[in-house]
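The structures come next, written out as structure tokens.
Two complexes follow with chain A in common, the first pairing it with chain B and the second with chain C.
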Partner chain A sequence: MQRGSRELVDRAFTGVGLVSIVLLAAALLTLLGPIVLRGLGAFVFRGTVEHRRVLLEQFGRGDTEEVQRELAAARAAREPVYDMIAAFEREMKQAGPAERRAMGESLDGLKAALRELLGPLPGDPDPPLLRLRFGQTRWDRALVKLQSVLWREQYDYSDPTVMGRKVLVPRADEFRGTALEPLFDRLPAELEAMLRPRWTVYWGFLFDRSRDAHFFGGIWAELLGTVYLTVGAVLFAVPMGVASAIYLVEYAREDSRPVRLLRTCISTLAGVPSIVFGLFGLAFFINTLHVSSSKSVLAGSLTLAILILPLVIRSAEEALRAVPHTYKEASLSLGAGRWRTVATVILPAALPGILTGVVISMGRAAGETAPIIFTAAVSVGQPLALWEVFSRPTPALPWNIYNLCSEHQAVDEIRHVQYGMVLTLVALVLLLNSAAIFIRARISGRLRG
Partner chain B sequence: MAVVSEKGAARVNPSVPVPSLPPSERPPPDPAPAPPAGRIHVAAEGFSVFYADVEAVRSVTLAIPQGRVTAIIGPSGCGKSTLLRAINRMNDLIPGCRVSGRLTLDGEDVYGPQIDVTALRQRVGMVFQKPNPFPKSVFDNVAFGPRIHGIRGRSQLEAVVERSLRRAALWGEVQDRLHENALGLSGGQQQRLCIARALAVQPELLLMDEPTSALDPIAASRIEDLIDELRGEYTVIIVTHNMQQAARVSDLTAFMYMGELVEFDATSRLFTSPAQARTQDYITGRFG
Partner chain C sequence: MQGIISRAWLAGLAVMAAAGAAGAEGSGPTEIVIDGSTTVGPIAKAFAEYYMKEHPGVSITISESGSGNGAKSLINGVCQIAAMSRFMHDTEVKAAVEKQILPVPHAVAIDGIALVVHPGNPVKDLKLEQIRDIYAGRITNWSQVGGPNTKIVVIGRESNSGTFESFQLLVMKGEKTGPSVESVGSNGAIRQRVQSTPAAIGYVGLGFVDRTVKPLMVNGVSCERQAVMTGRYPVCRPLFLFTSGYPELGSHLHALVTLHLHKKGQEIVEALGYVPLTDY
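Then we have the complex of A and B:
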């Protein structure tokens, strides 16, 4: 090749490498950016007085007097709205039956929208669902709800060739000339006084239980469940995995047929889709071994343990193989037995590598969904005490993210919880991986002196 | 250059004689052992070591006296390490390695059925070519052997560690950093630490496989001084590449060539008036 073209090829390769790194970084940023930004919305947001009321009434946190004072002020600000409704209802009594019927329907729609925004109206019976007892706790959601007070959704079927078209009708038009007409100017202007939004940092999102299927509160049950499952998986997988790795590296004869078969099996295990592990866990741990009568943290941990076992074995094997042969020779030459050598020389020297593998596999276990669907995860549940892990299922971040995004009856209302959970899970996994890097640097620094 | 050619020679079928030597000049199969001074410590009789089918040590017979320093010299690949490592059975680690003939330590068959390899290795210490301290503290390195042989008491261990480090002429340099990582020591210090570590299990015999080849000349000469000090108390067998070193430190020298023991004699005699032509060629630098 000519010198010129050789340089060209070199430069082309450098360029391709650079471009792919930049693309990767961009992809990572576009992926992580929204996760972080929107996830933070679960922790830092403009909380309304209703949020503080929830905290006080449901979680016993906050200054009672302060909240009462705020509530009184908010109620005073809402009073004119309720008065207008009362005045309108009095007007209706005088109206003719046809008009009354027509306006009654409009009024019911308005009242429903107002209830969602501000909570129960005066005179309403106590609602059965917790979520109906409070107004909007977040200002961003309150603004959305305000729109549905101001505008009514309607479908236009006039053109038979297309499907119904959504149109927004201003409710103000429906109440033109009545006592309610000023409401539609007043409400947007006075909403802040009615809900008193304030920037709030809500760490309770991590440590509070959820109330009424995540309408209120935090994700403690899911977080704790994920920790239980992950730690459980590691407790099972690490002793087994490290022991297998020691056997493979120190005892097994490389070239023997059973050992080769064993290796193939481990590689195959690493390639099995995780849903298969989930079904296997159900069939084997629950239905065959009966480790618990139905789903439990224990069964889930065992299933996850099998999932991460190949990862643990491989990283431990690599770490053990990386221990200089000279350590082993030195130990044996001093009269140490084989096991002694492994326990006192080889394992400690391989520890950074093994730990790194363990922590990375923890990250893997924490994020897996499929293996726990059939073995451990439930959509709604309370945080478990330690002794309950043997018999009870638990919510867990990966499964509940899916569940909240797809099967929750009010998916749109709790977007912030979904993003908050995703951020928490991502942060957990990143934390574990940085811990791995840290451990590695720290211990291998010590080994190198 | 010479290294390349002799390695090549060592790899060809060992039964083929070296081209430069007419068959008539091959040594008698059983070279006369040097007159051993004092009790015999290690004795080999027709001792061979095979790696799979390759006979790396070929029917060696020799008797190494106690309390002396014996050097094994010879071009690389001639089986020095193999012979040395046969004495504490480190070759057991290598799959496919087997021995024939007899090798005894104090009259006891090293490959006998009732031998306890762990106890054997306690009696026969070993120092390797590259310093190989454990990635632990200086103290833990030296205490490693005593600990595995059941010494637990702190004060006892401290006494053993100090005694061994003094014996290895390292105490003065490390007494203030006993609990620092041994890998922070210099190469020469590391090697003396390895000697101290070997001495800590109170062996009778010390095997050294080119212990100074990875060190600078000053560190190497300190090791040589140390070997000199160990003379008398320990039997030392040292493999070396370096003929000056063999001449300086050893009482007896064995010259090996292509797995065979060519000559074994008092160092002074072997280097001044070797009985074998091949020894002569080697020590005058005609090959190897």
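Then we have the complex of A and C:
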């Protein structure tokens, strides 16, 4: 090949490499950007007075007097709205029966929309569900609800050849010339006074338990469940994994048939889809071994342990092989036995490398969904105490993210919880991985020194 | 190095123990596990929330893995309550009895299976036969039932679902659904598919009907409370909580599966959009 064309190929390759790196960065940004931005919305948002009321009444946090004072002010601001409704109801009584029915229907629609925005109206019976007892806790959601007070969604079916078009009808039209007409100008102008939004940092999202199926509160049970499952998996997988790695590296004859078979098995284990582990965990740990009477953190941890076992074995093997031969030879020449050499010379030298692998496998275990569906995860549960992990199932982040987005009854109302969970999980995994990088950096520093 | 690591390990354990202690107050000897239907899920969750608030010592966990899995869990003895949106099959009852588990049904609510379409769809009313034809693949275009000329996107549930089986029984009358029916895993997933697909049709439990989808009338009857309660709406079924034997009187389990008989329970069922069996 000519020198010129060689250079051309070289440059082309550099270009392709650069482009792929830029694409990778862009992909990472488009992936992580929304996760971080939307996820932060669960922690930092404009909380209304209702949010502070929830914290006070459900979690016993906040300054009672101040919240009461704020609530009184908010109630005073809402009072004119309720007065208008009362005046409208008086007008209704004087209207004819047909007119009254039409007015009643319009009023019911308006009331329903107002309840979603401000919570129960005066005179309403005490609602049975917690979610119905409070107005909007977040200003962004309040603005969405305000729109549905001001506008009614309708569909225009006039063209029979296509699907109907959405049209927004101002609700004010239904109340022209009545006592409620001024409401539709007043509400947008006065909403801030009625809800008193304030920038809020809500760390309780991590440490509060959820109330009423995630409508209020945080994700403590899920977070704790994920930590239990991950730590449990590591507790089972690491001793087994490191022991097998030591056997494979130090004791086994490299080229013997059983060892080759063993290695193939480990590789195969690494390639098994995670849902298979989940079903295996259900069939073996729960239905056959009866490690617990129902799903439990224990069963989930055992299942996850098998999942990460190949990862642990591989990384431990590599760490053990990376220990310079001279260490071993020096130890053996001083008269130490094989076990003593492994325990006092090779293992300590390989420990940081092994730890890196362990931490990375923790990240893997934390994010896995399929293995825990049948063995450990539930959609609603309490945060567990340490001694309960042997018998009790737990909510866990990966499963509950899926559960919220696909099965929750009112998923559109609580998107921020879902995004917050995603951010927490991603942050957890990133944290574990950067811990691994940190440990690795320390080893290489130590080996150089 | 080793010292640092073991210290970090100990610190980690200490944090875990503290974390456990922080979350301990909801535990106790009374632990109830509910498994099963995603349709009954909202009722189970709300009952649990209410009951745990009244009895702070009780801890209830809920999995929503489908009626079939709920039955399996009860048979295997890994849950105390199986939430089911259909009755147990004879095979399931037989399997349960063989394991000395006597399934006792507690009907907690009546649920209509709402046929839902995108709110932009002008079709308002379908005959039961038309719905069957749509799901069997004989009607494939909305223009055949009075709508615009658009291919119907048919969404159904997977076979593990109790809602699927009730639908097969009440609408399909034993006929198989066509190959073009897209199966999804939960009520929520159906609603999401339908609200984002103008030409879609799907079916969900009443608790999952909201403003983003439009429930159709069936045979000219809309799925309102009165029509469902009296059975005039043709696609409705009871929702069950199954226990193993009738629970001991005075136990938390008993109180939980009979909560719907109380005024509070009825209000919860109603507020969630289902039809209560009681009338206070």
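Convention: the second predicted complex is superposed on the first by the 436 of 449 C-alpha atoms of A that agree within 3 Å, B and C clash if a C-alpha of one lies under 4 Å from a C-alpha of the other, contacts with A are read in each partner's own complex, and residues count from 1 in each chain.
Rule of thumb we're sticking to: a contact is a pair of C-beta atoms (placed from the backbone, for glycine too) under 8 Å apart; a residue touches a chain by one contact, two chains touch by 3 or more.
Keep in mind that what you see is a predicted model, and the values were worked out from it rather than measured.
With chain A as the common reference, chain B sits beside chain C without any clash. One of chain B and chain C touches more residues of chain A, and that partner is C.
With both structures placed on the common chain, the touch criterion links A:326 to chain B but leaves chain C unconnected.
Looking at the shared chain after the overlay, A:379 reaches chain C, while chain B stays out of its contact range. Residue contacts after overlaying the shared chain place A:287 against chain C, while chain B stays out of touching range. When the shared chain is aligned, chain C comes close enough to touch A:408, but chain B does not.
Look at A:335: by the touch rule set out above, it reaches chain B but stays clear of chain C. Measuring from the middle, so to speak, at the Cα centre of chain A, the directions to chain B and chain C differ by 130 degrees in steps of 10. In the superposition on chain A, no contact is made by A:297 with either chain B or chain C. In the superposed model, A:253 lies in contact with chain B only, and not with chain C.
Shared-chain residue A:432: touches no atom of chain B or chain C. Touch criterion not met for A:421: it reaches neither chain B nor chain C.
Superposing the two structures on chain A brings chain B to within 10 Å of chain C, judged by their nearest Cα atoms. Touched by chain B in one complex and by chain C in the other are residues 348, 446 of chain A. On the side of chain A, the complex with chain B involves touching residues 253, 324, 326-337, 340, 344-345, 348-349, 446-449.
The part of chain B that touches chain A in the complex is made up of residues 88, 90, 93, 95, 118-122, 125-126, 128, 130, 132-136, 144-145, 148-149, 180-184, 194, 197-198, 201.
Interface of chain A with chain C (complex): residues 127-130, 132, 153, 155, 157, 160-166, 209, 211-213, 220-221, 224, 227-228, 231, 286-287, 293-295, 348, 351-352, 355, 373-374, 377-388, 391-394, 403, 405-412, 446.
Residues of chain C touching chain A in their complex: 1-2, 5, 12, 16-17, 19-24, 26-27, 31, 33, 38, 41-42, 44-46, 48-50, 52, 59-65, 73, 76-79, 118-122, 148-150, 185-189, 192, 198-199, 207-208, 210-212, 264, 267-268, 270-272.
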